[in-house]
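Report on one structure; see the data block that follows.
Which chain is which? They are A, B, C and D, in the order written, and residues in each are numbered from 1.
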Amino acid sequence: MNKLSELKEIAVRFSEVDSMGIVWHGSYVKYFEDAREAFGAKYNLGYLRIFSEGYYAPLVDLDFKFKKPLVYGDSARVEVIYKPVDAAKICFEYVIYSLKDNSVIATGNSTQVFLDRDYALLWNNPKFYQDWKLENNVL
Amino acid sequence: MNKLSELKEIAVRFSEVDSMGIVWHGSYVKYFEDAREAFGAKYNLGYLRIFSEGYYAPLVDLDFKFKKPLVYGDSARVEVIYKPVDAAKICFEYVIYSLKDNSVIATGNSTQVFLDRDYALLWNNPKFYQDWKLENNVL
Amino acid sequence: MNKLSELKEIAVRFSEVDSMGIVWHGSYVKYFEDAREAFGAKYNLGYLRIFSEGYYAPLVDLDFKFKKPLVYGDSARVEVIYKPVDAAKICFEYVIYSLKDNSVIATGNSTQVFLDRDYALLWNNPKFYQDWKLENNVL
Amino acid sequence: MNKLSELKEIAVRFSEVDSMGIVWHGSYVKYFEDAREAFGAKYNLGYLRIFSEGYYAPLVDLDFKFKKPLVYGDSARVEVIYKPVDAAKICFEYVIYSLKDNSVIATGNSTQVFLDRDYALLWNNPKFYQDWKLENNVL
């Protein structure tokens, strides 16, 4: 089975830093999403593709562990790793590394499900996703 | 002609404060929008009403003057005032007052136009809005 | 031992809704923080108190489970429950209920640690927090 | 006199798009700030430099004109142009261009003033800024 992953560099924006002088924890939601979008662009599994296939893929699970703070001026590298599962879900693992010393800044996980255009949950993999898994050797 | 306005109280959120210890300027976009939504709820001119009539009403003009900073723990009152114009536009003026001493924190203006569902600009007032102006005596 | 909790009502803002027409998952970070700030105001354990005692209390763990979507125009009630632990941590559990039908929209947890002003981690409860626990009967 | 400017490419993030399917107007605050930070990095006039010199430089004026919408998947180029003034202010003009067809998406302006560490307004240019103007031939 293949290991699919992507790297995305991020630079801390002024607006992402809080009054403690460190990146506000909520900003990491965007860092994860930036990485997920980069993954989607690389492997043709982005929101636009999913939407054009007739589905939404909202998050149902999301967690973060914050190990070290980022400050204004810092840059980091988000690694997003696809985690194969049988269920009709898209699961990712994330690790954010400091560009300064390669230390781990934060880790996390996300799970997405498929809804059809009437927002009804799909219990089985939609065909395009099953095909995608096959093509990418993650079945 | 009527003067239509609404007041909306806001409390500064931790996430809205930047590393200078004051409310980040971008947070005021939300304060104005909060007030505009309160106006829309009071006078039945909210996004949902506009959308259900078949239109979008995106902003085309927006400006801010920041007079005094807000800090974490502060509360403020946003006054939003409807500015009647003949054109197919929705125009508002905003004044944000400190709840502490009633001093002016910020002022601003916004202008919205109407698009149909194909994102084409309306040059004339849509009927529902013309009716709304009549009902509210702002023609 | 006491059970400490607080309720905070939230109304979905236009800016919190994404292009799928539902509240963007990242907006829940703010809903949790709104509830945590309401708890802090009620029990005198807010950011300002913690800061005035000489500490920061950044999040180190945060997780969400999204059960049902919120849409624009919805209102919800966030329940935040203090979870007593011996360690030098502040732990909360969250449940977001729809105001329409009381159904569960989302759940989650957060953990905060204490840093001193030099951003060094405290391994033991700072005195003010130990006192707070005692006063509130959560030891 | 020199014309100082910088270009910054931005890619629309999923979280920046609203339920009308276009970039939420508030997201442009960040696009302008991204460009301003790029300018600051290029010409050594960023927030960190200003702060290290003993000052804050908050915005006091900000305006936007939105000409055409951006949608998810779009990329754009923000041009930020320094506007020389005698007063103790930092003034910028912004033009956002579509990367697709070079059409103008939005324009705007910002004005910043200098505060000292006690948040008192400076009526005269701080020395470091006067020197910066001289070095960059914008006096």
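As a working rule, contacts are C-beta pairs under 8 Å (C-beta built on N, C-alpha and C of every residue); 3 or more make two chains touch, one makes a residue touch a chain.
Because the structure is a prediction, the values reported are computed rather than measured.
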Requested in this report: Compare the CA centroid of chain A with every other chain's and tell me the farthest one.
Outcome: B
Report summary line: The larger set of C-beta contacts, choosing between A-C and A-D, lies at A-C
Report summary line: Distance between the CA centroids of chain A and chain D (whole Å) is 29
Query - Between chain C and chain A, distance of the C-alpha-averaged centres to the nearest whole Å - result: 24
**Report entry** Where chain B touches two or more other chains at once, by residue number
**Finding:** 14-15, 26, 29-30, 33, 72
Report summary line: Counting only contacts in the complex, chain A reaches chain B at residues 14-15, 17-19, 21, 24, 26, 72
Query raised in the report: Across the complex, what residues on chain D touch chain A?
Result: 13-15, 29-30, 33-34, 37, 47-48, 72-73
**Report entry** Residue ranges of chain C touching chain A (in the complex, touch as defined)
**Finding:** 20, 22, 25-26, 29-30, 33, 56, 58-67, 69, 119
